[in-house]
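Have a look at this one before I ask anything.
We just call them A, B, C and D in the order they show up, numbering each chain from 1.
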Amino acid sequence: MNSSTGRKPTPRGLFGRIADHRLDYLYILPAIGVMLLVIAYPIYYTFYLSFFRTPPSLAMSDKVFNGIGNYITILTSESFHEVTINTVVWTVWSTFFATALGLGAALVLNRQFAGRGVLRGLLLIPYVISAVAASYIWRWIYHSDFGVLGAILNRLGIIDGKLNLLDNVNLVLPSLIVVNVWKEFPFAMIMILAGLQTVPDQLLKAARVDGAGAFHRFLHVTLPHLKGVMVITVLLLFVANLNHFTIPWIMTGGGPAGASDIWITQIYQIAFGRIRFGLASAYSVILFAVMVVIGYFYVRALTGNDDVRRRG
Amino acid sequence: MFALISARKGRTLGGVGALLVSSAMLVAGPVSAQGSDTGVDPETWTPEYVRSIAGQTEPNTAEECSQVVPLDYSGSVDYWYVGPNEASPELEHKMYDDFWAAWEETYPNIEVNAQNLGYNDMLNKLRTAALGNAAPGVARLPILWGSEFAAKGQLSELSPEDVGYKTENFWPGAMKSVTQNNKVWGIPTNNETMAFIWNAGIFEEAGLDPEKAPDTWAEVVEYSKQINEKTGKAGYGLVARVNAGNTPFRFMPMAWGEGGGALDEASDSPSYQEVWVNNDGTRRAVQNYYDMYVRDKSVPVSALTNTQTENQDPFLANQLAMVIAHPSEYATMLDRANKATGDDKAAAMQVVDNMRYGMIPRGEDRRAVVFGGSNVHIFNPDNVDGDLDMEAAKALVCFMTGPEWSTKLAWVSSNPGNTRGFETVWMKERLDTIKFLDVSTSMLPSGIPFPPVAESPEIMNIIIPEMLQNALTEKMTVEEAAADAEKKVNALLNGM
Amino acid sequence: MSRRSYNAGWSLTGWVFLILLLIFAVAPMLWMLITSFKSQFAALKYPPEFIPSNPNLEQYERLLSPKNEVGRQFLRYMANSIWVSTATTILGVAVAVPAAYAFARFRFPGRQALFFSVLFRNMFPAVVFLMPLFIMMRWMGLVNTYSSLIITYLTFGLPLSIWLLKGFYDNIPIELEQAARIDGCTRFQAFYLIVMPLSAPGIIATAIYSFITAWNEYVYALTFLNDDQKLTLPVGLQRFFTEYATNWPGLMAASFIMSVPVVVMFLILQKYFVRALTEGAVKA
Amino acid sequence: MAQVEFQNVVKSYGAFEAVKSVSFTVEDGEFVALVGPSGCGKTTTLNLVAGLLDLTSGDIKVSGKTISDLDPKDRDIAMVFQNYALYPNKTVQQNLAFPLKMRKVPKRDIGAKVAEAARLLEITHLLDRYPRELSGGQQQRVALGRALVRDPQVFLMDEPLSNLDAKLRVQMRSELKRFHQDLSATIIYVTHDQLEAMTMADKMAVMSGGVLQQYDAPERIFEEPANTFVAGFVGSPSMNLLPATAVERDGAVYATGDGWELVLAPRNAASARASSGPGIILGARHSSLGLHDTETPGCIQARVFTVEPTGDITFVHVDVGDSTFVISVDPERRIAADQTVWIEFDQNKLHVFDAQTEKRIAPG
């Protein structure tokens, strides 16, 4: 088999193949390296700590092994139920409205008219603004005593007296969702807009020839085509919302009376307000578990789309 | 040596000094919390007395500290503190600048890497830093915070004697806040009590005596209602945000006054084991809050998201009649009024003119106020970034806790933690120039420190505010909210 | 109903929707701007003045003038933010580009698993990692340095960047690189001269994304930086205005100034963003 | 120009061998077509020459020097891709100049060479356009130009015409051939279209399953296919193959199948005897077969399946046992489907293959 040069047949097996491709790994090394650095140890540490009791009166080195005690404490606590409902409400509705508004905006913007670029730009602004700034802006707009929103509604005669949103257990979460939707709908819009630009013109023309009206063209041609990008958008938003910390924390700190407390604010509160790092770690692990389930679908959606792309 | 330091034990005071000036001052009710082994005798502690001792001495800080650490000592230390910020009066900025200038002159070879951190950020940062063994060598912390670090063994032992001073020269309540397991973990730098501030203009508008503050908390509730009904403005500046230090600073005086508390910190000899958060007194205080916020709607609606800082604006804008605030509030307000322009300026100056200081109202049981201030601590070398230069740390601590700088750094907003500071020429200057200083200073003997236990921050910053929010949002009744808080405090003390 | 009027109705609904949405999106920004021109006292009038009766630039002068302490600090925070965000962006692109390229082109063992693990980063909430990361940064001696932030920020932008760019590289025919190599390029030159320019929209988009993420980040900056001189804008913003007094006009002015760079950058480059998403991400 | 020598070239991916020990030599100035069905390893072989893939073992030499370890850029070869691989963000001018630029050719010379190539390919008027603004044929010319401009030792072409429409393909085919003649360039040309290979190449290398089946001039491959694969692959319609059993009786050799029997002429009988077993395969091109309407001795009976008139020639598909034959007849002939016919073999043009090895047995 060997002839004039010294080329030898490639060694087989996984290690052989890894050795073959060793140069390829150099390309991803920096990315994987920094990821590992920032993620691996914290994950390990969080899991580890979740089995320890760390009351504020004890130094970290004196922590007490507690088995799954922290998990039991969380899952049986009264607030867990309430906070979980808040989390679901916050995540689902934020995602739903952001996607719905984004879809609407994308459909309207997906036609030619003068000033389209400017309009698109204006609609994108909330997305770029920092969550800290956005939280302050909206807190000021909502302000129960000096808020402009209350003043406008008063002037329009819709309400009489002060508009109490952030200091109201029933309205605080919906009000925060509005802020979150304001911040996120442009992302959905731009994703879907990108998706719309790949809808084949021929298909729409064919549907028109077949006598389909605008609505039916949307329903039977555009929407099915958008399925992939919609799934990705929804999942990205879902994950982002589940992890969203800044808006509820800065605007209300989870209050009043826990009405806007979600998992992530609880975790921060337990860790840094109540200094129970063990308990907070266990809470985080529960959040991880939920994330991993969602993450499974998320990654599948991302790479599933990838497969479609490769075939297409 | 000093008459103001008394050895009398366990005295409960009858009538503390309405120190002074303002006609608004009323005689205080029974006060306690001051007297264990050493104590300042509130009977001698009158405004006249304070004035009489002020201006007698001009201590030489460099000379005093040279006994502890030689002035040519060479070293370095990291130092974190909550110093003046954007909203602070300019005078305070100047005092800190002077402090650093004097320090550099006295100890030219000790390099201090000082970080002025925000009040809201500092506690979390310090916790994380201590955990990661990245704590500073020296930190000056608000009075409540040190306990937690001491409990975790993250502080070095540090008493006034370690830097050449005497324990008797510091307020007993303040020493209590740095004592844990019979060991001393820090030195008080400054101590203050808040005062009751009102806008005489709004009082007049509402048909109230503009020069007379409400004497009891029950009256505050009535005044607030009347002001709101007559003027449409907010009566009392109630705050109930969670995780905001100034919520308990405003609620606890009312709870103690009515005979309640978080633990038994308001008792003559607190054990910090009993839970008072669900007693009649605390419930009465919560009921007062409920009456103002829910029943009468006579306070800012935004109270549940607001911190005290957000009450400053409406007060200055003539929209809010009564607040509990720092001694420095007047200076701050004056400062801000001066910065205003045009019509705003005239209006703001008007409000400042109408500002009145009085004692914190009494409850059914007593008159009380939070004994506040700061302590300076040296961290445990194990938790410090790099090697801890103990000599440099001591030099810095000595320098700032002496009579000179404990007075000057407390210039606008507080009082010297080192009581020798009251005799200095600088104290005299303060009394001569700062309006209402005597009023807030006269509240000092009524001060009760927060429980110096590791659980304190959680009780004060989370459990108490949550109790208020539960009641004010009507998620729970007042009774349920108090019972709920009691349950949480008990769970906490049981090591949950 | 005839089709023509049906379509017209559809179109009218669209316009009404668009106008309402535009109000929703822009009105808060407008109110921010209006408030920032008021004095602290005027801001507290109720009902508020919709047009400031006495507009002034006091807040902006204070923030942007290096002559006073506040301005110096604010400008320093801004410089810090620019530095951290720029470094994050450059490093982010430098790290994401080869990784995305390798994921798209090479068939090394473990490729899929590694790709998933990169995408998985977004699953973990920032807050949860604060403490362990701090401890780790401390080990590495990076506390109170920008490196700690840059390393952390890198990982925020990477998943989306790599995913987006991989989409680009998947769509660039491998023959282009082969042609280039035969035409005299090394592997690197083929990539640098031929493939990189073709993925420029994707690179620009990921760069903007990285920059904005870094520019706006708050929690880690709050935890990792101690030095007053090193703070970034979001932390500085909070420190300035909420500690002892809530100066709403000042807060709004600072928010506005802080938003200007990213908004302007985004408005100019948004078309690349859409293009990148179209070509890189959603192409089906 | 140069000679290209393949020596036991092997390319494997893990356990899969895409190219199995291929050896042949392309002489200087030759136009060699690598043909075979898709997946046969022809493109892989080309990429091995280009250096886009690394050899697993064996060696490739250009002008006697091994190039196996060289980078593509150092091999002095040019390549034309199926999808042209024009740089989309460069103009035609820049596309043509790129290989020269990379080789640090002086700027002045670049201009001259590009102009010359453009003139030769008649694309001078397109120089300022971008690839997306060109038609398929124009892009093809630019791709060719980019290869040409460098004056390389070897041209590699990977199905360069397959993306063109039929008419253009025919035209480009003749142009390419002319181009080869003018430049007397060494060209290795990959195609799956045997007709393209036949018409253009000096030599054809037929590949299947990674194995080089036959390497020879097109007419030799057509006339003397090495095995049944080559026989079936080359020529259109492809050669009719009829499995049979050779039976020796009365000194003569008969090929027998399902209901038919054919006595083999001596030259073919000798071949059949040389077979490794009784199983043989008869191969006959459509033109070497005749059709009779009536029973004729020495012919095989069959049934007409369909009739395909193409104008100047008519193809008749007939069923013989399990096999189908394609036979060309004069368009005047009237033949209907389902009609019974008799097939006559021109034994001088009959091929005999060993059924076991599938190799052709040369007439004795």
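We adopt the following convention: a residue touches a chain if its C-beta (ideal position, glycine included) is under 8 Å from a C-beta of that chain, and two chains touch if they have at least 3 such contacts.
This structure is a prediction, so every number in the text was calculated from the model and none was measured.
Set against the Cα centre of subunit A, the chain with the most distant centre is D. Summarising the inter-chain contacts, the pair of chains with the most C-beta pairs in contact is A-C.
In whole angstrom, the spacing between the mean C-alpha positions of subunit A and subunit D is 57. With centres set at the average Cα position, the gap from subunit B to subunit C is 41 Å.
Rounded to whole angstrom, the centroid-to-centroid distance between subunit A and subunit C, based on C-alpha atoms, equals 15 Å.
Shown for subunit A are the residues in touch with two or more other chains, namely 17, 145-146, 272, 277. In subunit B, the residues that touch at least two other chains are 124, 131, 314, 319.
Contacts with at least two other chains are made by no residue of subunit D.
Across the complex, subunit B is touched by residues 53, 55-60, 73, 139, 143-146, 162, 164, 166-169, 251-259, 269, 272-275, 277 of subunit A.
The touching residues of subunit C, counted against subunit D in their complex, run 173, 175-176, 178-186, 189, 194, 197-198.
Within the complex formed with subunit B, the residues of subunit C that make contact are 39-46, 54, 56, 58, 69-70, 130-131, 134-135, 137-138, 143, 222-223, 226-228, 235, 238-248. Of all residues in subunit B, only 80, 85-88, 93, 115-121, 124-125, 128-129, 131-134, 307, 309-310, 312-314, 316-317, 319, 332, 336, 340-344, 347-348, 385 touch subunit C in the complex they form.
Residues 124, 127, 131, 148, 151-154, 234, 240-244, 300-305, 314, 319, 453-455, 457-458, 461-462, 466, 469-470, 472-476, 495-496 of subunit B touch subunit A in their complex.
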